[in-house]
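In what follows, structures are represented as structure tokens.
You will see two complexes here that share chain A, one where it goes with chain B and one where it goes with chain C.
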Partner chain A sequence: MKPAFLLAAATVAVAVLATVPLYANGYQLSLAITLMNYTVLATAWTLFSGPTRYVSLATVAFFGIGAYTAAVLAERMAWPWILLIALAVGLAVALIVGLSTLRLSGVYFVIFTFGLAELIRQIVTWYEVNVTRTLGRYIFVGIDPADIYWQLLGLAVLVFAAGIVIRRSRLGLALRVIGDDETVARHVGINTTIAKVALFALSAAFMTLCGAVMAPRWTYIDPAIAFSPVVSFQVLIMALLGGVHRLYGPLFGVVPLVLLFEFLLARFPNHFSILVGLAFMLIVYAIPQGIVGFVERMVRRKGEAA
Partner chain B sequence: MSAPLLEVAGLTRRFGGLVAVDDISLSLQPGEIMGLLGPNGSGKSTVLNLISGALRPDHGSVRLNGHEIGAAAPHRIARLGVARTFQLVRVLGSLNCRENVLAGLAFGRDALWGHPAQQRADELLARVGLAGRANTATAELTYIDQKRLELARALALDPRLLLLDEWLAGLNPTELQDGIALVRSLRGEGLTILLVEHVMDAIRSLCDRCVVMNAGRKIAEGAPDAVLAEAEVIRAYLGDDDA
Partner chain C sequence: MFAAAVTSGLVLGGMYALIAMGLTLQYGVARIMNLAHGELMIAAAFAAFWLFTSAAVNPLVGLLLVVPAAFAISWAIYRLLLIPLVARAPNRDALEVDSILATFGMLFVIQGVMLVMFGGAYYSYSFLAFPVTIAGATVAANRLLALAFAAVIGVALYLYLTRTRLGTAVRAVAVDPQSAPLVAIDVRATAALAFAFGGALVAAGGVLVSMFLTFNANIGVVFTMKALIVVIMGGVGNLLGCLVAGLILGLAETFVATFVDPGLTLATTYAIFLIILLVRPQGLFGTASR
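Then we have the complex of A and B:
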């Protein structure tokens, strides 16, 4: 397919998606926001973790930082400033964490990122209990669901644009080399630390902004809501189900799983975690390459048979 | 004699109580091929790892064109013009052959990107005998072709010094002759090569000089035939009875 055609198709798709708040009812818009939220998070996750194969569970750490920054600053300044400050905080944390931990690999990195999210949650809790003396905050800003949806759509466009640009750049090749063999990467002249930290920070920046944009959805947040580890796991499952070797892969995991989780939460609220766990195991065992990888292999096999 | 391209002096590296490389000194003239020999575990690969920056020396210096590189990070050393292959062949599995070579072109001394890089990658593939295989997945390559690909990736860095770690090991006799001819042709292009090798045919036909190591120390240095006849070298390989 020609790039011009793809660009036109993408533009039409975004334009159609942008009209959703004009005719959707409250429930449909809420579902669309959830879909868009996880699209941004899972695609941002894949920006870094897809090529490098560093599995991160820090998604909610950055998402929560964004949400909390927005909650603290709400009503004190204009919304764009809040987003900028959230972005700066998220980037700063990502750079510090990236520089200090991206030497870890494999399971150590996974556990560290999980611990990071919990650590930040505990610090925020401690601060709220001991310094501000109130746990939990109300967020009153004049931002309605349609605004949230449009901001998320804008973020999604940015994530995809960033992904496409990186994919075609030297940095994109560097990340794929790192994912295959970090030793080789160093010996062909790649500064692996800079490449990894840059992408980790970029990915974290999108997650942080996403959290900030989503904050007004809740009206009330506390650390347990903003830093819920379930978010990190859900993003991970969605990305894996869709397939992480293509930029658009996570989309194919986000849509079915958001709908599935929605159904499970409505019908089996008490068994939700168990069922999510089962879904996770099924996905990892049955389609380790994700839906996109599975379909690509089928197409290739068909091509060879013909 | 002109200034050496590579000058290693007093190189030492310990792993716990084991002295893997013990006070090794050697130097290579531009355009020279030197063999680094010795029984298994004598520290040859560690020397290559120290020169390429994979490991840092405890003592001693490594100079490339007079510049100290002993404590530099591997990506810096690669950008200064030191390329290497690995004892256990390491191709990049999720990339095709052309992309494997692009990985060497994109970050090296005179980094190339875009169309010129693609063209150069295809030239390099042809250079090592993989013409027309640019879009082949690495999993479909035979062992020698994987080794060829690894060599093309190393050459993509446009190196001054090439480190080959048993690049000729595991090849059948025909492949070995091809491999030797390929390495020899690289010298014709002015490349300086330090190779760790066990294959004696290759050493005799390729190397100008050899350094023999045993238990981390240098036990002999000189022309291949002379070195291989030395009593201490025979003892290191075969034991006292045969010396």
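Then we have the complex of A and C:
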């Protein structure tokens, strides 16, 4: 397919998606927001973890930083400023984490991100209890669900654009080499640390913004809500189900799993975590390459047979 | 106050060391980065709680039931769930990623089962909760007992690994899994054994911790993380390192909780972890390899 055709198709798709709030009812719009939210998060996750194969378990840490920053600043300044400040905080944390762990082997990074959300949650709780003396905040801003949806759609377009630009750049090539073999990457003169940290920060920036945009969805927020580990887990499972070696891969995981989780939460609220865990293990064991990888392999096999 | 902080820091540190020894066996020998480690520990704590409250079984007797069960369960988990991952992994890094993902799923399954059974509430029971005075510090008897048991188990493990044939095989696989078969060591059986031992150790830790700490179904993650940090601090696969790092972590946390603010203990853990990563990523006793 020609790039011009793809671009036109993508434009039409975005335009169609942008009209959803005009005719959707309340429930449909909230489902659309959830879908868009996880699309942004899972694609941002794939942006970094796909090519480098470093599993980040800290999605909700950044998502929560964004949400909480927005909650704290909600009535103090105009919305664009809030997004900018949230972005700055998220970037700062990402740089600290990246610079201290990404110089080393991947396991350190995984371990660090494993507890990062819990750490930030405890620090925020400590700060709220001791300094501001209020645990939990109410968010009242004049942003309705349609606005949230459009902002998320904008973010989604940005994530995909960033992903495509990076893939074609020297940075993208460098990251693919790192993913294949980090020692080789170092030997051909790639500064692996800078490449990894830059991309990790970019990925974290999108997650933070996503959290800030989503904050007005809750009218009440506290650290336990903002930093719920289930979010990291769901993003990871969606990205893996779709396939992380293609930028559009996570889409194929987000849509079925958001619908499945919606169903499971409504039908089996008490057994949700067990069922999601089992679904996750099923994916890890049965389709490690994700749906996209699985389909690609089938197509290739058919091509060979013919 | 100082003496009290030291004793409770040592007790807590001893528990961390015990749990981390389990993890270092699993990671150092079987190459499985087990993120569900803390979940097994909390499951053991709940088992001890249940035995004590509903069947009036002394937790020390409970240890004799729970630890072999955990050994068997861990062995089965390795044989049934992790061997397929080992078989399909082209190299060690791929196995690490796969095992992280698989055990991350297990974490949510085990946690979910415990939530269904016990809910999100905090549990504790009162066993030997009378004060004992040692060297000017007052400690609960159950804490002292837990520390003593942890010490006995740790020493037994150390002797087993250094003095027996099977223990030597375990260490050989940790050092070089490619060469171990050349001297007639069954790597998979040994790795399964090490993984099962890791499960038994963490279950022992869970039973001992349940005697003096309150716990709930969600708290396992925190212990997993601390165990991971202790393992890295001590140097992967190094039991002595685990002991020292565990005690450092326990003491540091208790001191911060006593003299600064109890809400900052996890921040302390992370600060120590950060310093280790920046200054000595191979761990206190590790050798620079990768």
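Just so it is clear, the second predicted complex is superposed on the first by the 302 of 306 C-alpha atoms of A that agree within 3 Å, B and C clash if a C-alpha of one lies under 4 Å from a C-alpha of the other, contacts with A are read in each partner's own complex, and residues count from 1 in each chain.
We adopt the following convention: a residue touches a chain if its C-beta (ideal position, glycine included) is under 8 Å from a C-beta of that chain, and two chains touch if they have at least 3 such contacts.
In this text, all values refer to a predicted model and were calculated from it rather than measured experimentally.
Once the two complexes are laid over each other on the shared chain, residue contacts for A:Val107 go to chain C alone; chain B is not touched. In the superposition on chain A, A:Arg170 makes contact with chain B only, not with chain C. In the superposition on chain A, no contact is made by A:Pro80 with either chain B or chain C. Within the superposed three-chain model, A:Trp126 lies in touch with chain C and out of touch with chain B [touch as defined at top].
More residues of chain A lie in touch with C than with the remaining chain of the pair chain B and chain C. Within the superposed three-chain model, A:Gly26 lies out of touch with both chain B and chain C [touch as defined at top]. In the superposition on chain A, A:Gly179 makes contact with chain B only, while chain C stays out of contact range.
In the superposition on the C-alpha atoms of chain A, no part of chain A is touched by chain B in one complex and by chain C in the other. By the touch rule above, chain A contacts chain C in their complex via residues 53, 55, 57, 100-101, 104-108, 110-112, 114-115, 118-119, 122-123, 125-126, 129-130, 229, 233, 236, 240, 270-278, 280-281, 284-285, 288.
Residues 52-54, 73-75, 78-79, 83-84, 86, 90, 92-95, 99, 102-104, 106-109, 111, 113, 153, 156-157 of chain B are the ones touching chain A in the complex. Chain contact summary for the complex, chain C toward chain A: residues 33, 35, 81, 84-85, 88, 93, 96-98, 100-102, 104-113, 115-116, 221-222, 224-225, 228-229, 232, 261, 263-264, 266-267, 270, 273-274, 277-278, 281, 290.
By the touch criterion given at the top, residues 170, 173-174, 176-177, 179-181, 183-192, 245 of chain A touch chain B in their complex.
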